[in-house]
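Here come two complexes built around chain A, the first alongside chain B, the second alongside chain C.
What follows is the complex of A and B.
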């Protein structure tokens, strides 16, 4: 295990980070739509959103990735495999984030909403100034957890040939016959990234004022 | 491409054997993980600070790294330290270690959630420490740990698909191989998704049923 090999792993980590961050961001946007559909209480919307969430939470991510990877070209969408991978990760994390968001919105104390209405805020103001900030604060710890899950799950995109930490480690291990130091270093890099995410999460939670507010 | 599920139906016996391997891996992984996880949580709680710190570090490493990397380390790294494992035993060991780390955290939270007053009360009534753990702490924990345990069981089923990468002949490996042989990859993956989906939904329902039963049992005794 030389410094050169470790540097290669670190370079691949940039790709892991990029894929994960983009997927979490896209997933968050889809999750907003999904949770809005469920909270709308319109049967057709609720049913479609629930079906989506149930499917993406019920099927292994590896199978989802294989499905998207084969399905996209069949329906005439030819995109680079990295795009397919990001689509897969985004849809999966969207399902989990939607459940978190819905939980957050449902746990906003009704008294606060009533208070906002009594104070003279219109429904829009109540939504954007009271419900959204409180729900986001309540779901923040779950969002950090989800970020860690996706960082770890992104190792699966190595299967569709994308060079990130895991794929790089696999290639290096087979070309150098040093699987133990290489996979251990890869594990260490994941561990350090995840610890950072946890730390950032704690810091952000504190500056958001915590869940008590 | 014409969607033709009949191609897949011819291969039903093979799919069945893949499903069996997945179910065995899954159930052994859960049972082993619960057993080891419970021991780890118990030792951490009652075994002193250094042991707690050591085990805690191992648990955090296992929880902070991808399952795939752990499996690679075991499968490709094992032979270098004299641990030659066939894919299935390797998968079993990997899944058990991984699930033990998560189950130990569930049990740890379970221990922490039992009010200390209950245990103290038991000891005041003359129960020994071991009796208090066995008769008071563990039954009270059961209800607390059930929902996250079912959740984790679902996660483990889905993680077991990862073992197809080290050529364990489980459901994902079997069905996708059939798909490539028959030039029906999309049908195969669809079928695969549906099978997992059904098992996950059934598990969730079973878990809620068990939760319901257990909480009724508790109130009946109270």
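What follows is the complex of A and C.
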């Protein structure tokens, strides 16, 4: 296998990485809104958030991507395939991250909230200074897990015409008749990226929470 | 005689159908250590939590230094809730220490003690931390200021929690079984900090199973059983023989808790 082939795979890795990271970030913001909606205990908010989550968790990502890609032009929105890919991945990961976050908020020990209350923090201060940092710390391992899942699931966006690692590897394998070294290289690239995500996650976890509990 | 720090009048607390506190009447004297003792489920912790307004009483009144806590009686004798700003102002007169310490795990000892000074009292960071440091020094933990709670022993965590409450300069300190979650060899350091505080004339209300502490440091002992205040008085009276049979029975179970000298 030549260096040129490997370079092509690395170029495709940039798409994988870019699409995944942007989707995880957008998904995180949506997830905070969704978990806040569920924790609000207002029936309309809870129902909407639950509906969103059950759809995006219950339908295969591949089907979601195909639906978004074919549906958007029909309702008059013409978007490049990269946008369709990011929308699909973001909405899907938002559903999973929302459930993680909700679990995190609910696992904050009530005594820590009471301690904030008796020291005079108002509900907003308690939310941002106490609940969010503790919930984030509790859900961080799950968040890293989700980031890895999305990095791997991003191979599915090839169905809407994005050339990322997996698609590039398939194309190169069929044109060079060297499937084994090429797919092995692709596997290696995924492994290296995800190892970095784990490393960054550990570092962030440590700086988020000081010493672990 | 100075005015009582806390006046509890006809206090009732129900959780659903269960009555946890039945018509409690008690005055907590200012500058004294008042201990609430009694078996598990007697309602002593609930009473303390009502004083911290972590539980809202079902009926009755609590006044703290003459100001109504949470509710007031209107002209028709009906109980009404006070505006939340006013509730916060009255609550600020009390500091609370919990059985489980409840330190915030994502902040250092210094961060825990200075948090409310920064966010609630809007002190500049340097001043808040200087005041927090002074409190940590007071409980003997200035060299642990940058440790996270998970790096501290239980006794140290509880002392940080006491410093956190003291930093807000409360007039009354409420302690909810402050040593019950500690290994026996760690209770001493917490009780010592509490003794120091008592000798400075802090008004303290202490729910405790440390009968030895109650008998030696307590100046008012209140015995609760099944949600009722059975009796209240100075330790010389309460623990003197002949004792109320229910108290005798209760003390029997605490022989190994430092109460042996009373039997």
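FYI, the second predicted complex is superposed on the first by the 209 of 213 C-alpha atoms of A that agree within 3 Å, B and C clash if a C-alpha of one lies under 4 Å from a C-alpha of the other, contacts with A are read in each partner's own complex, and residues count from 1 in each chain.
As a convention for this text, a contact is a pair of C-beta atoms (placed from the backbone, for glycine too) under 8 Å apart; a residue touches a chain by one contact, two chains touch by 3 or more.
From a predicted model like this one, the values you see are computed outputs, not experimental measurements.
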{"item": "First, second, both or neither for A:62, with chain B first and chain C second", "value": "first"}
{"item": "Which superposed partner A:180 touches (first chain B, second chain C, both, neither)", "value": "first"}
{"item": "Chain A residues touched by each partner, larger count belonging to chain B or chain C", "value": "B"}
{"item": "First, second, both or neither for A:19, with chain B first and chain C second", "value": "neither"}
{"item": "First (chain B), second (chain C), both or neither touched by A:135", "value": "neither"}
{"item": "First, second, both or neither for A:121, with chain B first and chain C second", "value": "second"}
{"item": "Touching partner for A:157 - first (chain B), second (chain C), both, neither", "value": "neither"}
{"item": "Common interface residues of chain A - those touching chain B in one complex and chain C in the other", "value": "none"}
{"item": "Chain A residues touching chain B - in the complex, by the definition given at the top", "value": "54-55, 57-64, 66-67, 70-71, 74, 148, 152-153, 155-156, 158-159, 166, 169-170, 173, 179-180, 183-184, 186-187, 190-191, 194-195"}
{"item": "Chain A residues within the chain C interface of the complex", "value": "109, 111-112, 114-122, 125, 129-130, 133-134, 137, 208-213"}
{"item": "Footprint of chain A on chain B - complex, ascending", "value": "1, 60-61, 64-70, 72-73, 76-77, 80-81, 154, 157-162, 164-165, 172, 176, 185-186, 189-190, 192-193, 196-197, 200-201"}
{"item": "Residue ranges of chain C touching chain A (in the complex, touch as defined)", "value": "52, 54, 88, 91-92, 94-96, 98, 100, 102-108, 115-116, 119-121, 148-151, 161, 164-165, 168"}
